[in-house]
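Written out below as structure tokens is the structure these notes cover.
Residue numbering begins at 1 within each chain, and the chains themselves are lettered A, B, C, D, E and F in the order written.
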Amino acid sequence: MTALHNQLGVVHRNIVRADAKATERLSHFGVATIHEAMGRVGLLKPYMRPIYTGAHLCGTAVTVLLQPGDNWMMHVAAEQLQPGDVAIAACTAENEDGFFGDLLATSFRARGARGLVIDAGVRDVKDLTSMQFPVFSRAISAKGTIKATLGSVNIPIVCAGAIVNPGDVVVADDDGVVIVPAALAAQVADAAQAREDKEAEKREKLAAGVLGLDMYNMREPLAKAGLKYID
Amino acid sequence: MTALHNQLGVVHRNIVRADAKATERLSHFGVATIHEAMGRVGLLKPYMRPIYTGAHLCGTAVTVLLQPGDNWMMHVAAEQLQPGDVAIAACTAENEDGFFGDLLATSFRARGARGLVIDAGVRDVKDLTSMQFPVFSRAISAKGTIKATLGSVNIPIVCAGAIVNPGDVVVADDDGVVIVPAALAAQVADAAQAREDKEAEKREKLAAGVLGLDMYNMREPLAKAGLKYID
Amino acid sequence: MTALHNQLGVVHRNIVRADAKATERLSHFGVATIHEAMGRVGLLKPYMRPIYTGAHLCGTAVTVLLQPGDNWMMHVAAEQLQPGDVAIAACTAENEDGFFGDLLATSFRARGARGLVIDAGVRDVKDLTSMQFPVFSRAISAKGTIKATLGSVNIPIVCAGAIVNPGDVVVADDDGVVIVPAALAAQVADAAQAREDKEAEKREKLAAGVLGLDMYNMREPLAKAGLKYID
Amino acid sequence: MTALHNQLGVVHRNIVRADAKATERLSHFGVATIHEAMGRVGLLKPYMRPIYTGAHLCGTAVTVLLQPGDNWMMHVAAEQLQPGDVAIAACTAENEDGFFGDLLATSFRARGARGLVIDAGVRDVKDLTSMQFPVFSRAISAKGTIKATLGSVNIPIVCAGAIVNPGDVVVADDDGVVIVPAALAAQVADAAQAREDKEAEKREKLAAGVLGLDMYNMREPLAKAGLKYID
Amino acid sequence: MTALHNQLGVVHRNIVRADAKATERLSHFGVATIHEAMGRVGLLKPYMRPIYTGAHLCGTAVTVLLQPGDNWMMHVAAEQLQPGDVAIAACTAENEDGFFGDLLATSFRARGARGLVIDAGVRDVKDLTSMQFPVFSRAISAKGTIKATLGSVNIPIVCAGAIVNPGDVVVADDDGVVIVPAALAAQVADAAQAREDKEAEKREKLAAGVLGLDMYNMREPLAKAGLKYID
Amino acid sequence: MTALHNQLGVVHRNIVRADAKATERLSHFGVATIHEAMGRVGLLKPYMRPIYTGAHLCGTAVTVLLQPGDNWMMHVAAEQLQPGDVAIAACTAENEDGFFGDLLATSFRARGARGLVIDAGVRDVKDLTSMQFPVFSRAISAKGTIKATLGSVNIPIVCAGAIVNPGDVVVADDDGVVIVPAALAAQVADAAQAREDKEAEKREKLAAGVLGLDMYNMREPLAKAGLKYID
């Protein structure tokens, strides 16, 4: 089974989801930590924002390619969602219409979905907040959509500048959204843990007044780069 | 009495406000519902955002046309406000200065106004939030304005892409802002009620796991449009 | 000692900070009030926003000039921070990477810093919020930065459209960010106080239903400017 | 016949076009001159740009309301075009797809249309330039559109911030696009002529070194406003 | 050999380029035609613009991943360029610095490269225009870059919203930029030719006054969709 | 004489202009070269664009601070212009109105001015192009301005992100706009010449097929930084 990027009119029913345990481990780390643990790649652009403060999600990607002003594929995607999945949607053109609201959220939740990431707009944010259904979007808009044109489900997509393959791990929090390729989930969780282990110690030192200049041995490289102190 | 669009230097004292009861009925619906009930028209652009989470307003429009960096007409508008009105302001050029703050809000509230929609900036947001005076704007800016150039009050304006006639109903919530022409207020309230009545049933079904694909009978049209499922 | 604007690779250790008492007095006024008290100058552009609602800071500027994607100078700046200072950072190019997070905030706080203003991105906003460490930025981004290129510390910078000299007073709240030149701090505090004294009285009148048209004697100048009332 | 703003699914066949002679007279003036002659109203937002340098058009408006990603209504509009008309199109959502190319331009020209103004994208700009078919748009995009959803033709629309009624005069040049209400066409042409008559004399004086300060008698009002000269 | 998306610090020397003859055939079609021939996919976002009117390029992709403010990888890429290639570059963060100028263009041309597509800024546009070296970019900026941080060459990248694999065909003209996967080059050239063959006939009919409504048999589906004509 | 940044309502008549000979020398270099010669500082943001291709200017700065929608100070500035000067204008708020057209250009040219740089809009671009009067602006807009509020002339301003002091050298071409502090003009001209001398030789080598990798000795530092070549 090969899924072509951006092919229109197809739904892939069988996708290889990231390992459930590795996905669960990743849910305990912040997006910034995971992004660093991956070698500073995998982030969506920073215009993707949570619709309410504190929204957080981690799950396996069911990808959706939408047409502007048309949310037909969201209903097709609902059927492909399994417990632990996150729907992640891109649009063939820049569009900020409200493709998703409380009815679809009810349906997605009934399927076991953990949230939505969408490079477009959503609506019913008051209800979505009451439901504590986490959504990360580029816009909030009351504008409704039609159901007339085919997109696709579970093909590779580009969402807010990042490549997402079906089954990848999607993690989102107040700092943004990061994609972890399914095959790397466990390895990235290890690296994130290692990174976090070191941070506690660093935080303690910095809180005690030790300077990063000394803790990271920056004085010599700064001097070598030519930094001049002037009194 | 004919009011010309965008004419400068006039104040219309007598405007035909939407029926009070219909306006009251509209206040119980969300913006997304009203927009759908109107046939998907009437929305302001989604860059219009509430200055605090949960802000909500519904009332009859007193329109204001401002000049960039000049809020003189806000004071002229204050006198035209009646209980139940909403001030809705546009600017002759794109401008994000802070045209409105807690003093004007105090005055508007004393007049019985229910809030402000402005395609420009406002300030004193902490105070406005304490007052729970709902404002929807394109920006927040501390920058003050002068009082030197005439605009108009109660002429038809274009606000964030929508035509607003004095007396129209303005409804705003977390999802955005919608304008209901005065003459259609009751009819739109009926349509919104009808729409909402159906939503409860749909929500229940979706929560029980019924798919939109089945509830909306989408499988056949999707197949006809050529959607292919790949295993 | 003369510091050149935008010179790269220098750190000025001795800067003249605004008077501590005047700075303290300024902390009691809102940004909008201070901006008016200065004659409507000194504001940063309105895209600078607090990372959490209610963030507020007032202190003396330690300026930082960053290179895109590189936060090396933040560590150099940490050493120059004294109790009561605010770090204020610009970048040589428009860049929304996350230059600052909870570790640097821990270090800055240990030095006595009162917060950060940065014309770029920050991350770890959940932690920064828990710490109640006030930050005003143009973006939130999980994207990390490197430490490879020299900028400068304590030179004059342009931050979000405003000139900032080291030692100036930086005041920020929900309405934005304003810079008060060090030499003018006391004088601006006086003017802000005078302005605020008058506002209470005005607010009371407006709340009682007096119109701004009458309170500010606008009717005559409006008529003179040609305003026409139409019944 | 009353046409509702933004109503979907209707085509008005009978519209009242501005007087042909007045329209012809307006074609001799620049957009800036006409905008001033109208009292500084009627302009579209400045993001509307010609697709080639020197593009210029003047004609009576046939309005088109499009849905995002769908140019079906352009074909419906073609039939309503008469010699001397200009098609002017808005979209129900912000969308930069390419709704118009050389085939539609060929059809529009065959109908006698003088050009297109569209608050969206167009394509085939090389061919349109060769044809010298003037187009003013917000974007250029190769992205094609579908033909699936109804908009309307010859209803009042908001295009790039301006209200346009069918039959109004549309004038566009390098400086932008302005709308002259049909009923005012002759009157605005008169005012534009009067304005232009005065400009030649002013230009001559200024070229001879006379200062605007003196020619417009600004020195006294400047002094009165408090301007201070410092040597 | 497997190239990971966005991996930093690697250069793939051996890439599979699209068939030379198919690439040559594609160079004769416009971007809009190719995009339609591919089923309306493969376009970069419309903010990518030629630096001079009439710029056009078609060649096989050598991909470059840059760090913000750093053009080191452009020099690494130069060595990988072969006659008929096009360099196509993305950046790990949004950045409009001038990563490319006349010296690099001289080097790229000496290697046989046909042009550059870059989701960032370039400079020396006067010289590049004199050289008729086609460049499509998001910005023009005199701002120079450093050479300090590793990116990669010939890995899959996301450029202005589109996935580009090394060896894909890149076609760009006044309408934008489109990517044709290497394996589909011949097939897309066939489809583009078929499409173009039909256009000549359509153009002739439309020029003769036949309406698209009739040529495309739209009247019935429009009526079925509910379009109403009002006299 | 000390001029305060952004002070409103003042005109400084006596400013220290950069040395005429040094200014003349700078006029022979491109903006990118000068920016590099200054140590990569001094550029205005890249949204500043010439209104016609090939526009170029170099002269001493007469600075103008404008209020939004008000061009009164342009007339005040005209009197301060001397042969060889360039007017450079900022606005107290972001504003894209057309502050400048062919009449002011006629006046400025009569005073000997070499052009205009303005962080706002201009109009009459067809006439300005015919006059070959070079203008660099953020926007083109037919929208007129009033003459009601004081700004200042010849105070330090921030224009498109750069500090400009009266008398500084302003250089602008297709790549952007750069400011050279008056005191550094000769020194920067020397550095620009030295830089340009080296470029000819480099260009020749690169044209002959020598790689930057070898010419700049990059292979070792790249390997040290960890770059991996994969066959």
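Throughout what follows, a contact is a pair of C-beta atoms (placed from the backbone, for glycine too) under 8 Å apart; a residue touches a chain by one contact, two chains touch by 3 or more.
Keep in mind it's a predicted model, so treat the numbers as computed, not measured.
The set of chains in contact with subunit D as well as subunit E comprises A, F.
Think of each touching pair as a link: the shortest run of links from subunit B to subunit E has 2 of them. Fewest steps needed to get from subunit A to subunit D, stepping only to touching chains, is 1.
Interface residue usage between subunit B and subunit C, two copies of one sequence, is largely distinct: under half of the residue numbers at the contact are used by both copies. A separation of 42 Å divides the Cα centre of subunit C from that of subunit D. Averaged C-alpha coordinates put the centre of subunit E at 32 Å from the centre of subunit F. Averaging C-alpha coordinates per chain places the centre of subunit A 27 Å away from that of subunit E. Shared interface positions of subunit F, i.e. residues touching 2 or more other chains, are given as 40, 92, 94, 96, 143, 149. Here the touching chains pair up as A-B, A-C, A-D, A-E, B-C, B-D, B-F, C-E, C-F, D-E, D-F, E-F. By the touch criterion stated above, subunit C contacts subunit B in their complex at residues 30-32, 35-36, 40, 43, 46, 49, 53-54, 173-176, 178, 199, 202-203, 206-209, 211-213, 216, 218, 222, 225-231. Those residues of subunit E lying in contact with subunit A across their complex are 4-8, 39-42, 45, 92, 94, 156, 158, 161-163, 181. Here subunit B touches subunit F in the complex through residues 67-70, 92-97, 143, 146, 148-149, going by the rule given at the top. Contacts from subunit C toward subunit A in the complex involve residues 1, 3, 9-14, 52, 72, 74-76, 78-79, 96, 98, 101-104, 106-107, 109-111, 121, 123-126, 139-144, 147, 149-150.
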